Each structure stands twice: as structure tokens, then as C-alpha cells.
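Each in C-alpha cells, the structures are laid out below.
Shared between the two complexes below is chain A, which pairs with chain B and chain C, respectively.
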Partner chain A sequence: MTRLLGGREATLAAACLVAALVFAAASPVFLTPGNLLTVLRNSTELLLAALGMTLLLAMGAIDVSIGMAMGLAAIVVGQLLMAGIDPALAGIAGPLAGAALGLVAGAVVAFGKIPAIVATLGLLGVYRAGIFLTLGGAWLSGIPTGLTDLVATPVLGVPPAIVLIGLAYLAVFVLLRRTPFGPHLLAVGNSDEKARLSGIAVTRIRLMTFVVAGALAGLAATFYIATYRNVSMTIGATLPLEAIAAAVLGGTSILGGRCTLVGTVLGVILIRLMQNGLLLVGVPSLWQPVVTGAMLLIVLGLEAGAGSEGLRRLVRRPA
Partner chain B sequence: MPTPLLEARGLTKRFGALTALSGVDLDVNAGEVLALLGDNGAGKSTFIKVLAGAHAPTEGTLTIGGTPVAFASPQDAANVGIATIFQELALSENLSIAENVFLGREIVRRVAGVPFLRRREMKDVVGRLLDELDAHISDPDAPVGSLSGGQRQAVAICRALYLDARLVIMDEPTAALAVAETRKVLDLTRRLADRGCAVLLISHNIADVFEVSDRMAVFRRGRKVAERRRDATDPEEIVSLITGAHPDVRALDKQQ
Partner chain C sequence: MLRQLKLTLFAATLLATGALPASADPANTVAFVPQLIGIPYFNAMEEGGKKAAADLGVEFIYSGPVDTNPVDQLQIVQNLIDQGVGAVSVSVLDASTIAPVVEQAKAKGVKLFTSDSDAPDSGRAVYVAQATDQGLGYAIIDEMVERVGEEATVAIVSGEATASNLNAWIGFMQERAKDKYPKLTLLEPQYAGGAADRAAQIATDLMAANPDLKGIIGVASTTCPGVGQAIETAGKIGSVIGTGYCSPNTARSYLKSGSFGYSVLWDPAKLGYLTVWAGKQLIDGKPFEASVQLPGFDSPTTYDPATGILLLGEPAVFTADNVDQFDF
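Moving on to the complex of A and B:
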């Protein structure tokens, strides 16, 4: 499978192209620069969250509370802005809040020895209640434009948002492929017992991965506030599904030990292209999670059918 | 006789109701190959896993160079110079050969506090170690999952060699190796000991053990039932100690 990843990425790029061609034929709006820009703009938060999810999946974990973590971080950023804090500081508070929430999730998983899916499902409930209680059933709105201006006003012709997202991707790439953290994370994802015998501090790697993923979700929150300048009760509700789908479409194993960042980027683009195109041809947005979920299930089904060893392991009953 | 490098006293390990290791006393000396023998399930792997920091002993003490130690993790054992090749090898199939050899102790260059992997340097070191073993592996970047059992053992041995350890523990390192490769590993074992390293070797091959070891300890049902210098015993006696046919062992068995 590892050697086919290059093929997987090419397939995914082709799928993006085919989707684009079909939607271009079906809707005159689709290929306009304005619409494509919207697709890119709408991909920002998902891209950041999906990069974090890729690391978590590769490490053999998952975080379904990531959307709610983004929501909580967005509330922090929004309220700081409304309190008149300097927009740059408020923006930095996003990833910091996200990292703190990631630390909580990591601690519950690592010290509680609870499967990540169950632990983060519990946190999802807690965080959602937290969002509900802080918002009190209303929207957080009327957030000043300081942060928006800061990330969108071009410096030397380039919007800082693009530079920041590029830097975030680069940071994840370096961490994964150029520092010991990468092989350690992949070793834990392959087998935490073998990683431990090899002298890896498994708990530290778990915590670190959750913190990095949390910080990325928090950075997503900063961009969310910069773009929408409000927080609704449903913020982040579909984010975990979309982030998992993007990573898995890209070729990251849901069983850990293997991942590709380029694949995740392509997965994000495909998901957002599909959502945008379907909307343009008149499919109600209610169907978006259905389409995303279906893509996830189809890929998993295909991988199982293609005899992916990992999935057979999942299907087989434990001895 | 100088103080032993490692002294195990009364080592006991229980897994629930099962006593896998029961009151084992054993010394390991620098410059010596000590072989552990015993039937399947005798407790050999459990014993070396305690020495390697992979299991915490239920009872008993370990001292290294006269200082008591308590390992919380395999990393702790590695830090005091104990390198272990586990029976199950403990390699990560999804990582490359070079990544496996250096896993947990990568060569890095810090730039602004960030530890960047020195991938070229690690690849070169692994290439040299593999050559030394004649391992027939050409590409240190190949994933370990693509290697044969013998090649994987060679990778695990490289890992232990790189640590430059005071004590090298090998749990059946030649089990999957062909004749020529087995020779290499036995030579290497001897060379390590001659270099002043202590070697603890587990093997079911009596001929290999007699060729390479200075001393032998026989385990049976979690106990150490005998300890012999090579020049004071012969293969028949060792086999009878392992199987329990030896009068000493029969007397011990009756006591229980």
C-alpha cells in the first residue's frame, strides 16, 4: 500500500479534475474565479483540522471533538476581539486555546487509557455543553473587523492568511518528515507496544500529537472568526467527519502507521469541490454530510475490497 | 573476580496467577557470553524483559556495577547501556530500516531548538552496520515490512550494535537465520564479549551455545535450576538439565 500512495494521490487529483469538469459543464458559475476563490476560502478551516486529524490517525488515534474544540477556541478569539484586545494577540489565542484543549483530549486518552474514539466522544459532549453555556443559546456576533483586516490585507501583494496557512502546512511537514517526532508517531501508530520496547516515550508522543492537532484546530478557529465574525451554536458540527474523510480519502490509514499530507490536501479540495458543485447544481446543503460520509465509506469499502491488510485486521474478530 | 556488571537477586515476575519467573539469582560479567537455556515457557524471555526494562519485576532487585536500579521503561535500560534484541524483534514494519535502527535515538542537528533528522548520516551508519553483518540488504530506506525474517533479525541486531552497549541481550537472535548468517552472528557475539561487553544469549541450539558461550544457566518452570561453566559440563548434561532428566533437577522438581 505504501508504494501505491503516489498512485493514490494521482487518482485523487484526477478525481478533483473530473469533479471540476462535470460541475463546470453543469453550472456556468462553477469555473468563475470568484467561485473557485470561495471554494479555497471555505477549505481553510477544514485543511487545518484535517492536517491535525492526519497526524492523529497516523498515530493510531482519532479526535471527534475537534469541531467543538474549534468552536470553543473561536469563542475565545471572538470575545477577546470584542473586549478590545489587539487583533494579533487575539489571533494567537486561537491556537493556544486549541493546544490546551488538545492537551486535555490527549491526557484523557493517554492517562485514562481510554480508546481515543470513546474519550473524544465524551469530550465532544462536554465541549458542546460548554459552547451552549457560553453562548447562552444566542449567536456571538458583532465581532470587530480587526482580525479580518489583519489576515486579509495583502502584505507585498500576498494576503497574510495564505502565508500563515502555508507556514502551518510546512510546520506539520517538517515535524512529520524531518524530526524524530515523525517516525516516533508512526511507530506508535503501527504498534504502541513495539514503540515502547524500542524506547519511545509513548505517552509523550500521544500528548504531543493531540496538542499539535488541537493547535491546528485553534488556528482554524482564528481564521473562522476572521472570515465570519460570528459564532453560531452549530459551529464545527461537521468538521470531524469532513477531516476524517479528507485524510482517509488522501490515503491515511484509519488504523494508524501510515499517512500522507499531500493526500489530505487533495482530500480537502475534493470534499469542498463536491460540496460547492452540488450546491450550484441545486442539491440542498443538507445533503453535504451525506455526500462526505458516502465518500468516506466508499473509500473504506474499496480499500477493504482491495485487500488492505489493515482493514482485514479490523474486520477479523479478535482471538 | 571483579564485581559482576549486573546482579539479579530473587527476581520474580507474576502475570496474575501465573508465576513466569520465580526467585532467580544470576550474575552477568563483562567480557563474558552467558547463555540462557530452557524449554519453551521456562521464563527466559520474561527474565530478559525484566533486565531490559520491559517488565517491572514483581519481586527482587537488580544492580548494575553495584548500584541498585529500577527501570520504568526500556528507555531507562537503554540509558544505562543495556541493548536488547527481543524475541519478537519489536521492529516497526511501517518504518524504514534506517528509521528502525535509530528509532528513539536519532542523530539530529538542532536548528533554533528544532531537532532536524540527519538522514544521510543515519543511512550511512546503517549501511556500514549491515555490511559488517553481511546482511544482504542493499537499501537502508526499504520498509522493514518488506524484509524476510532473517533480514529483520539483522536489522534488530544493527539496532543493538549501534547503541554501543555494556550489556547486549539477544533473545534467539539466530532463530530465523541461515547457516552463514548464523555464523556471522555467533562471531559477532564472541567479538562483543572480547571487546569487554557482557552478552546474554538465549538459544535453543546447544551446539551454538557450546561454541560461543563461557557460562550457561538453565531455566525450568520459572526457576534457574543450574549454572555451569562451559569447560565444566557437556551437551548431554545440559540437555538433561533442560528436560528435567538430570538428578539435580528431579530433586528440585520433587521439592516443589
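Moving on to the complex of A and C:
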């Protein structure tokens, strides 16, 4: 099992490397430190959301409202900053708001016994209306730079943003691999009935996972505000799909029970690397999704060719 | 039961449309039905309409749906027609639903016309248009060349690749560059969809890929903040000029920081003024002249009898100097 997951991660790392070599050969700008930093910077929100999505998928759930949750949390952070609240407090409000929204989603799924995709589709509509009503058809713009300075100004030579993202990753890793929560989550993802029979508090695991994923989306909102300093009506619209793509590309099973955090990180980097490189190389805009889509198929296909257990499992497992 | 329902509906109508003051003459009233109430753009149109009503001595009713629902909008229009107001203008949500109402209005002697968003071939009396696609496309290029010169590379970041109005504007930008500024290099348009963050990422990448880039045009209003933010973050204020079709409220902080040199759009307050002025002309049975200079307007409004379009004039250009005069 571990060996196979390593296989997927190796495939992805190789894909990133090949893409990077091609782009570097075609564009003198690609390998400059400035551009690579840009790619990392552009990966931040997606990475955080995708880590949350990885946990949800591993638990056999999904949250398509995660982009709107990020949007609402971003509005909270933005409004607080505009009201003159201390940037550090406003920044912390992001994950808190996200966690609260995650709790709502988790409660609907866990207590309402509604399939996650249906429940979160419903919440997607509600949250989107919430964003529209709060913004009133206008934009939240002209947000002060306090938070931007806070996360970007290096402390001892390292920007706090990098430390925060590292800590978030570490926290998810510890939760998943070093506490009972992780195996329980995977057990629920494999079969919630068996998990229940073996004495796992399925409802609590569900709630907790949604809260963690929500908090990560909320942290993404904090970084979103720090970087873009505005909230549009369409904020977060593409986030859930990209997060799912990154996680699945990374080797997390969409049916639950299996996940890899390193794979998700690589999936995120590959997606953003492709978007950046294709533009630098000058591929016309309309072809960019085609190339990215083909890439996804190739990576998954390579593994199918190698006779992956994961894909055979997909076929064998009753839907 | 039915009677009761009708009564309730009638009461609701009065509430929804703002009943006329007892002293007012319905025939001397111009109504405007926006696509949606409560957003800054239509609020500005309402302000302009009020000003025109005061200047011209007509009553003005402003009433519209609370979300962009064509059926709700239609009901409000029908209610206004039933009230027997002199003229009703509509910023049309769904062109196909308007045609039957035009007949209804004619039968009651109400002048029905469109403003801000048209329903061509519906038989409407006139369409009060904010700007032409050509005017908008040409203006943004002309303004850019004025700032960066003709020998420059300029990028275009659009929204959805399928949006016909955005594509029309881009088409006229390219036409203007080709016909008037042959030395200007317009890069192939990039599409950000509706996402502000994606627009910022694209703008950042474009600046990296084209070190000689002089300007970035954000075509969709959703792309403006992304473009402005990217220029600020890249520390390229002054060397790259951002612009786009976005409202003063959206562009304000970027105009002030200098990441945006200007923004091109139209003034909805003027559009609201012109709408009520056109309504008054229709009520009085006066024909539209080919060109009329209205008080307080920068350029004359023009009328094309062939298309029945009354055009507000040249697009408005917002800069750091004048942006605070607008709130939409």
C-alpha cells in the first residue's frame, strides 16, 4: 500500500519535473526565482483548501461549498480590517469563521443524514446568496494593507506566511498520522457501518473533519485577503473543483479510505505550475484547460498502465 | 377568494411600485424599472432620474425586482402600465418577455421604452443606450496610447471567453489598434473566468513573460481588482498601467495607488437623467433630434432613427482626479 502511494507521488513529482523542464526550455522567465515564488504564492489558497478536501474525501465525504465558505470568511476578515481591528485578530477570525461554517456543513451531513455532495450543494447556494447579500452587488475593495504586511514581512528572514502554511500542513499531518483521529477517519471512509460497529464515534469524526476542513478554508481566506485585498461576488467559484482535482491527482481516493498529503501538495503544485508555464510559453488561453486536462488524464493513465491497485479498486468497488 | 387575492395583489403592487402622490398626474410621470434594486449602479441611475424629474417638471417612479428575476420585473412593468403612467422605461432582463407588454402599453397609451439594456425588435419606442461597443473598445485603446505611447505592448485580461459583450469590446480594441496604431502590440487576450484571484495570477504571469509590458486592460469588471492588485504586488506602479471597464467604486483604490491609470465606463447618473428626459419627450410627443446637448453633459447625445437608439455620448473616463465625484 505504502509502496503504491509512493508510486503515485513519484509519478506526480516526475510530471512536475518534466513540465518544469519543458517550460524552462521554452521561456527564459520560468526558472527565475521571482516566477517560482509567484507559483508558490499562487498555490497558497488552493493548497490549504485541498488539504481539507483530502481529509473529507478520505472520510468518504466531499464539500463543494468550500469555496463559498472561503468567500464568507474572507468577507469577515475584510470587514474587520476595514473596521480598523488589529490585523492579527482579523487574520485569526478567518479560520474561526471557516471552522464555524465547517461545523454547519458537518452538522447537516452528520445529523441530517444527507449525503455530503447533496448537503454541501445546498449550502453552496445558501452561502453564495449570503455573499451576494453581504456585498450588496458591489465589491469589498480598498481593504487596508495591515494583514498583507503582517504575513509578508520577514521575521528572522522568513515570511510568516510560509511558517503559517508549514504549521497548517504539520497540524493536518499530525492529526492524520499521529493521533487516533486519522485511522478512525480512514475507517469511516472505508465503511462507516463497519467503523460504527467497531466502536468509532462516526458522527464526531464527521463533525471534526468538516470543522478542520472549514478552518483550513478560513485560513485560505485570510491569505486571500492578505494577497488580493478585495472580495468579488465570484470569490471561490473554482476552488472546490480545483481542490478535488489536486487531491485526486495526488492519489486520494474519491471513494474514501485512502489519502496522501504529499500527493495533494504535488497535485496543487502541478496544477499551478501548468497554469503559470502555459501562459509564459504563450499557449492561447482557450487551450490551457485542454492541456491541463490532458495532463490529468496522462498521470492517471500512466498509473492505470502500471496496474495500480487504486484504479482496480475503483472498478471493483460497488458504487 | 379570487377577489381577495386580487386585492392583496393590488395592495402589494402599491407597496412595490410606490403609489403616486394624490396630487400627481399619472400621465405626467416617467417610471424606470431597473434589473435589480439596491445596487450602487442602479442607485446612481435613480439619482440621475430624480434630478431630471426636478429639472423637467415630471414625476419619477423608480421600482424594480429585488433579484434579477424577469417575471418579477415584468409584473412591475405591467403594474405601472395599469396605473396609466405616461412613460415606462425598462432595463430589460429578458428581451423575449417584453414584446407582449409593449402591445399592452400601446393599447393603454403608455410609452414603453428601454434603457441600459435593450429588447430590440420588441416595438419599444426608443432605447436609451449608455455606450456602443465600438465607443468603449476605441476609448480604452485611445486613452492607453495617450499614456504609454504608440510603440508599446499591452495585454488584455478578460473574464469568460463566452461573454459576447466582452468579446465585442476586445474585437473593437483590436480593430482600433490595427487601424490607428499599427505600432501598438496587443497581446492575445487571456481569460480569467469570473475569478478575481485568477485575474491577478494571469496579470502577474503576463508581466513576468513580457518584461516590456506597458499596460494591462481588465475587460470584465471582475478582472479589474486582480489586475490592479497584481501591478501593486509586483511593484510595477508607474511602469505598467492598469485599466479596465470598471466602476469608480471598484477602481478607486487602484486609481489612487497609481496601479490604475484610468477606468472607462459610463456615468449611470447621466444615463438615468437621459432616461427621464427621453420619457418626457415621448410624453410630450416631441421627436428626438439627431444631436442634442443636455445641460451638464460632456458630449451631445445622438439619436439614430434607423435603430431607434438614443446614445448617451462618449464613454466616461475615470481617473484619480475625478473618481471621488462618483459613487457607484
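The working rule: the second predicted complex is superposed on the first by the 279 of 319 C-alpha atoms of A that agree within 3 Å, B and C clash if a C-alpha of one lies under 4 Å from a C-alpha of the other, contacts with A are read in each partner's own complex, and residues count from 1 in each chain.
We take it that a residue touches a chain if its C-beta (ideal position, glycine included) is under 8 Å from a C-beta of that chain, and two chains touch if they have at least 3 such contacts.
Remember, predicted model here, so these are calculated numbers, not experimental data.
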Practice task
Check the residue A:Thr134 against both partner chains and state whether it touches chain B (first), chain C (second), both, or neither.
Solution key: neither
Practice task
Considering only the touch criterion stated at the top, classify A:Tyr224 as touching first (chain B), second (chain C), both, or neither.
Solution key: second
Exercise for the section: For A:Leu279, decide between first (touching chain B), second (touching chain C), both and neither. Expected result: second
Practice task
Answer with first, second, both or neither: which of chain B and chain C does A:Gln79 touch in the superposed model?
Solution key: neither
Completion exercise
Of the two partners chain B and chain C, more of chain A gets touched by chain C
Practice task
Check whether A:Arg196 is in contact with chain B, with chain C, with both or with neither, and answer first, second, both or neither.
Solution key: first
Practice task
With the two complexes superposed on chain A, say which partner A:Thr32 touches: chain B (first), chain C (second), both, or neither.
Solution key: second
Practice task
Give every residue of chain A touching chain C within the complex, in rising order.
Solution key: 27, 29, 32, 34-35, 38, 42, 45, 136-139, 141-142, 224, 227-235, 237-238, 275-276, 279-280, 282, 284-286
Completion exercise
So, in the complex, the side of chain C touching chain A is made of residues 36, 38-41, 161, 188-191, 193-198, 200-202, 204-206, 208-209, 211, 222, 225-226, 229, 233, 249-250, 252-253
Problem - Complex contact set, residues of chain A against chain B - result: 2, 174, 178-180, 182-184, 186-187, 189-191, 193-201, 257-258
Completion exercise
chain A partner, complex, touching residues on chain B are 52, 54, 73-75, 78, 84, 86, 88, 90-95, 99-100, 103-106, 108, 114-117, 143, 145, 159
